[in-house]
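Per-chain numbering from 1; labels A, B, C, D, E, F, G and H assigned in written order.
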Amino acid sequence: MAGFRDLGFARVDTDRERRQGAPEAILAEGKAPEEIAAIARAMLDDGAASVLVTRADDDARAALRSVAPDALEDARARLAWVARDVPEACGLVTIVSGGTSDLPVVTEARVRAELLGTSVVVHQDAGVAGLHRLEPAIEDLERADCVVVVAGQDAALASVVGGLVAAPVIGVPTSIGYGAAFGGMTALLSMLCSCAAGVAVVNIDDGLGAGTIAARIARAAGGGA
Amino acid sequence: MAGFRDLGFARVDTDRERRQGAPEAILAEGKAPEEIAAIARAMLDDGAASVLVTRADDDARAALRSVAPDALEDARARLAWVARDVPEACGLVTIVSGGTSDLPVVTEARVRAELLGTSVVVHQDAGVAGLHRLEPAIEDLERADCVVVVAGQDAALASVVGGLVAAPVIGVPTSIGYGAAFGGMTALLSMLCSCAAGVAVVNIDDGLGAGTIAARIARAAGGGA
Amino acid sequence: MAGFRDLGFARVDTDRERRQGAPEAILAEGKAPEEIAAIARAMLDDGAASVLVTRADDDARAALRSVAPDALEDARARLAWVARDVPEACGLVTIVSGGTSDLPVVTEARVRAELLGTSVVVHQDAGVAGLHRLEPAIEDLERADCVVVVAGQDAALASVVGGLVAAPVIGVPTSIGYGAAFGGMTALLSMLCSCAAGVAVVNIDDGLGAGTIAARIARAAGGGA
Amino acid sequence: MAGFRDLGFARVDTDRERRQGAPEAILAEGKAPEEIAAIARAMLDDGAASVLVTRADDDARAALRSVAPDALEDARARLAWVARDVPEACGLVTIVSGGTSDLPVVTEARVRAELLGTSVVVHQDAGVAGLHRLEPAIEDLERADCVVVVAGQDAALASVVGGLVAAPVIGVPTSIGYGAAFGGMTALLSMLCSCAAGVAVVNIDDGLGAGTIAARIARAAGGGA
Amino acid sequence: MAGFRDLGFARVDTDRERRQGAPEAILAEGKAPEEIAAIARAMLDDGAASVLVTRADDDARAALRSVAPDALEDARARLAWVARDVPEACGLVTIVSGGTSDLPVVTEARVRAELLGTSVVVHQDAGVAGLHRLEPAIEDLERADCVVVVAGQDAALASVVGGLVAAPVIGVPTSIGYGAAFGGMTALLSMLCSCAAGVAVVNIDDGLGAGTIAARIARAAGGGA
Amino acid sequence: MAGFRDLGFARVDTDRERRQGAPEAILAEGKAPEEIAAIARAMLDDGAASVLVTRADDDARAALRSVAPDALEDARARLAWVARDVPEACGLVTIVSGGTSDLPVVTEARVRAELLGTSVVVHQDAGVAGLHRLEPAIEDLERADCVVVVAGQDAALASVVGGLVAAPVIGVPTSIGYGAAFGGMTALLSMLCSCAAGVAVVNIDDGLGAGTIAARIARAAGGGA
Amino acid sequence: MAGFRDLGFARVDTDRERRQGAPEAILAEGKAPEEIAAIARAMLDDGAASVLVTRADDDARAALRSVAPDALEDARARLAWVARDVPEACGLVTIVSGGTSDLPVVTEARVRAELLGTSVVVHQDAGVAGLHRLEPAIEDLERADCVVVVAGQDAALASVVGGLVAAPVIGVPTSIGYGAAFGGMTALLSMLCSCAAGVAVVNIDDGLGAGTIAARIARAAGGGA
Amino acid sequence: MAGFRDLGFARVDTDRERRQGAPEAILAEGKAPEEIAAIARAMLDDGAASVLVTRADDDARAALRSVAPDALEDARARLAWVARDVPEACGLVTIVSGGTSDLPVVTEARVRAELLGTSVVVHQDAGVAGLHRLEPAIEDLERADCVVVVAGQDAALASVVGGLVAAPVIGVPTSIGYGAAFGGMTALLSMLCSCAAGVAVVNIDDGLGAGTIAARIARAAGGGA
């Protein structure tokens, strides 16, 4: 039993969901639409609970629809996805973002976490330059099983939130900002050096990674893993 | 109610343990021994469950012993700590490391996680260049509530473990290696780009941060938070 | 005897094949189509065994066809080539890649190695996040005279393969990945720091370089140099 | 009239205080004690209001005392200074720091600003991970003519303060922190990308520069320039 | 009293002008035109003295005009703004630039400072390679309450001006230049290392930040804060 | 006497040619065509010996022609220039380049040096990978008053030439190459670390700078300055 | 069958020699002398053909002697080794270095290659700034089965040699040089961008890695693998 | 005729002085005292006009004295040298430095240029923050055949001087400065981006390289080459 499907150009890891509780996601960049369609079909044929295509332009999203008419999509977040057999939601993930422009990354994290079976609440534009805007989020931060902070520029929100909550905090640096923001490098370094112990970080703009680990943490805390 | 003790040179956040379940740790670098002793005394007077001094040279460790005769220490890991009222262990953290030289960072993560109230098992020197050496760790990886991977150089172990387990994985890049290892920068970047979704990363050699978030994740999963 | 052809804008090293067993390749970037055609014609007139144009857009590939109607091409890999007097294949090069998106680099390495007179087998999408997908490649890895690992992101595949095989391993970091992948820099550094001794690395996306050295190694091992 | 004293090895800009209101400071690093003494003597002979030696080890501080018995010093901040004709204090500079280890930089900024004729108040260890510790500083922040934020690691304090106050904010990144703090580079980039408009930044650990510009700002606002 | 308006996708900090004397600016990048219009409308409804949209392409500028027919704009500087209740000008800001290509950044700084209630004079193209071109600016530099230096490449103008004037100097590195200018990084580092004490620096091309802090400094010095 | 022409948006340094023997060059990037035309006209009205516009697209080159019908141009090198009163040639500059793709930079250096009054000979595509191709250049290298080496990638040609000739050597790193060439950074660093003492380097792709200093050196050596 | 020896602090990969033809090497940095001795003893007990300790200070070398009285050592290269059952030499490795200071790295590569069963000849100080010094090496370069180039600074020797020989070339950048040599980074980048196709590179100062892959290549070419 | 002396560990390029007019210099770092002595003896035996040892600690300088009792030295500049048959001085090199701490690099450049047969005048501490200090140097700058600018931090002096003089300008960035000076990197980048065309740059702290090329330029201009 190989545990994968060999499509020639790709070896689809159909065993991953069984092994790790989360199906492989399809990164659209660098793949032809036919390849995306073929991978999605292989996953669905093998009974994947969900399929998620990231960094997906119009053609990539159409490719998913061509094999799954029930596919949903979000153009701004460059996402397309199919929800077939999503586990019942268990555990709460609270996502806070620093600014309006972080929305696509927030969406990627939210959709992934929901597809893996958690509840998600979102508070946007709660940047540190006006701390009072964080107040409406406090209650949702305190009852969260996992908190995701999405922020660019100096990413100071990660430390502020990281100093407030008892739940694990996952930081997602975003490529927002110009000049010395260096495409998210500054936000990344800043989060890694957070003065609040207990913050862990994923790659720049990596909503997928944040959604994946947050769902794992929240479901286990909620008794669902 | 201020929620902190003002020592003049420092404002000790004595409220943090109540707020976040984990007391402040004392980074010894840049502090005089008297300062370390004073901060530790303030924390113990306020009923801290534990006190942990990191990056502690001989003088720094002696400073802790001077205010807490029951202090323990580990010279190679540059650690000193006092365990006064540690919560009953709940949840399991499994730590795997890539090489023998990662030991000090492993120790820092292990001690912190234990002081916060988790069980910890350690598998050292399971580097990817001889994958069969990872086999004895498989069972402990599968039953873990949180996995911590400590590795330097190319840190490939993070992706290998990240592709095997269902638990959340926290990566700790270490400054081990020479030349293009660039003091841990390569291991850090490598872990951030892990091809296994669901790996989150802390700062280079940051055993403290890894132990903190791992304990939060494991305790909640174990029903203990 | 000059050992080169002076075209004014270029001095074509027609002696290189005699001297080193491999003709010069033509990097299309920064050259006008007429220049590419003139260089290719000079090489063919001097009896080059093969001509290979890399980073070739539509015009560059057409330029080669204009002087060699028997030219072949691969648009996705941006390659065009002519095989006139290729040495009989001798020695085996096995190429493994981490993901579907590495295909263009795999193709560049494969074509170059074949033009220099080796047999090549390819295993794609054998990334470390699902190690079982590497199993079908094991036999070809063990019988190879030289192994080429093509991988982006954290390039962990290089260490895994480098710890398994007895043949020399050449790593090719690719520019695949986003955020902290930094256009292949992370994969490059990671491969250089591989914990498996005996891995050597070429430039980012440099299929040409990998194919060249792999063919030299494999042909000599196969008794053909 | 040259406007400087030529000592052969140095041309002391004795005109600077008249021109810019602040005498030249003496960076001790790279200078022999005799050179430091000679420069200080030339400044005092020309009627400098004050002399400040920075990055001064024991020998450098002794060199200043040898020409000015009224010299003061601070070993931890590596400073020595003479106050001869300091202008009456005018305007208020409030300095806040993120942690205990930032003390030497705080001291350098405070001494310089005082020597140039301002009042200075200091609030130390008000890091973002425990925001309530900033509360005692609020009143001094609101009445300040210029605010200086001294912080290392992620330097998130700059944005928090920068979003609260109406006065100009000068950030001083410090080299505190390990791993991805990269000797203050992360704090520097973070402050430059502060989401609070109106924060300007000086070099890493540059208390001197911060004290200089802060004094100019505060004195003018206080009606004293 | 929340102190902000919650538009769902954004929480507009309508309290900022009262708190800090300067309304929030709208960074157009990453925002849809409807979002820009909605934020501008919320600010104007709340009585903002001015609205400024930066990095604004044609659509973004049209969005502002759609809610404020009295909006002005500058296409080359990618700016649009509305002046409703600008404070009477108080204090003088003098801006000098190194070259003709720095104009857009100069404009952004000038407009922002004027909207916050200062007088501004501009001297362009006074680069160090022909120092005599700086002479016509001397008088305006000497009477300024705050000086802004806008320069790319080696940004040497910051040190030259910083060594001449008694007022605080704010440097704005620009992304002008090629090769080793590295998109403004060199100018940024150069300004941070200025041999003239008392220069503080904002982000690359950050005319907004420079205009904000310069206006604060100048108004206070002019008796107007 | 100002020594410059103030056009409002620019202060043209018309004194520079008298002062330094070389008129200002006009960098087209970031300037409007009208601005280029106005600057060129001011220079010609003041009797400039030549005008050179670099990084000039079609519009920029047309702008020069509109004020100087005798303008010449080279589209591939993005240059336009007018030669009005060029000094009689004196001294010899020999330019060697590593590859065909370095041609635009070679042209920029050659035109500038000729406009300043030197003879120039060029040897292209003499890269180190086939050292015999350098032989035809030896005689021109030995009789040169100044040598300019234009090379990308590893720029090894600078050391080879730098170890052969007695004349001063100016290196120009080019942005040719992919992957770890990092837009010319590698060639720049390599030339700076040349094991041949006596090589000095200008900015990446900076043919203008190389042509300027080479002409000064060669004219003086030829007795012409 | 585990295939390794578990010493608690280390899992010695005693299967590696069987699997890959080369025993594990012991990196002394970060290991206590007792640990080095224990690992060496385990390897010898399992019948390792050789044991090599790298980056070994006095204590580390003494540790090896304590378990193997027949150990040899080289203090300058910080090496100690035991040769027990070295395979008969097969194939030729030719090492050339750029300068006298590269000797320790040359030695590390030579000893490793000899312990794995090859003949090695060395030509030192053949730097490019005096190319005639390479002539005595030509014959050994032409008859080599694998060439290793050890060079720091601009590492131009790699391209010169890479353009001459038909054998595979392995480059070892060294940390020799100051200033912009950046601890070997410049040499590393330069070798990766070599204009000679067919050069592959190992980590900075990594004589061990170069010796390992060179021996594999040479033995196979010599008919010995 | 080999043109070099083979000492086993080194191949001394005794032909270099004949070929290039300047003998090889001996970089002491990484060489044993005996090696330095042997190389110096070989050079002197072959009739070198001078021998110069750079980066020379006490032992290295003693090594030169042991073979040449007439050796001179400068401990602060870490130099030792022997002048045997120095050509009559021809041409003038003017060196200006930005600060007192640049002295060792100034000395290295001065000694080298004098040994190669030029006159040298030095103006120290003429930094841009007090431009009037440059005035005493103007005359020597105008009559120079080559100007060398030695400066750290922002190295703005290179552009100021580069905009004043008609002679070729060679910049030497120094590692002086802290924080964002990054060991001379900022000064290096700044000089490369100088807004004054005609400045060429050598490696950080590379007085030797600057002295070499400056002497070549000045001697030729003075009619002496």
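By our rule, a residue touches a chain if its C-beta (ideal position, glycine included) is under 8 Å from a C-beta of that chain, and two chains touch if they have at least 3 such contacts.
Keep in mind that what you see is a predicted model, and the values were worked out from it rather than measured.
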{"item": "Shared interface partners, meaning chains that touch subunit D and subunit E", "value": "A, H"}
{"item": "Where subunit A and subunit C overlap in contact partners, by chain label", "value": "B"}
{"item": "Superposition rotation for subunit D onto subunit H, Cα-based, multiple of 5°", "value": "90"}
{"item": "Chain whose average C-alpha position is farthest from subunit G's own", "value": "E"}
{"item": "Most widely separated chain from subunit F, with each centre as the mean of CA atoms", "value": "B"}
{"item": "More contacts between chains, B-G or B-C", "value": "B-C"}
{"item": "Proportion of interface numbers common to subunit G and subunit H (over half same, under half different)", "value": "different"}
{"item": "Distance from subunit F to subunit A - Cα centre to Cα centre, in angstrom", "value": "51"}
{"item": "Chain centre separation in whole Å, for subunit H relative to subunit A (CA means)", "value": "57"}
{"item": "Centre-to-centre distance between subunit D and subunit A (centres being mean Cα positions), rounded to whole Å", "value": "44"}
{"item": "Multi-chain contact residues (two or more partners), subunit B", "value": "16, 129-130, 163-164, 179-181, 185, 188, 192-193, 197, 203"}
{"item": "Those chain pairs that satisfy the touch definition", "value": "A-B, A-C, A-D, A-E, B-C, B-D, B-G, C-F, C-G, D-E, D-H, E-F, E-H, F-G, F-H, G-H"}
{"item": "Touching residues on subunit D, where the partner in the complex is subunit A", "value": "98-99, 127-131, 153-156, 158-160, 162-164, 177, 179-182, 185-187, 189-197"}
{"item": "Subunit E residues within the subunit F interface of the complex", "value": "100-101, 103, 124-126, 129-130, 132-133, 135-136, 176, 178-181"}
{"item": "Residues on subunit E engaged by subunit D in the complex (per definition of touch)", "value": "16, 19-22, 25, 145, 163-170, 188, 192-193, 197-203, 208-210, 212-213, 216-217, 220-221, 223, 225"}
{"item": "Subunit B contact footprint on subunit G (complex, rising order)", "value": "2-4, 6, 8-11, 13, 15-16, 24, 27, 29-31, 35, 55, 175, 184-185, 188, 203-206"}
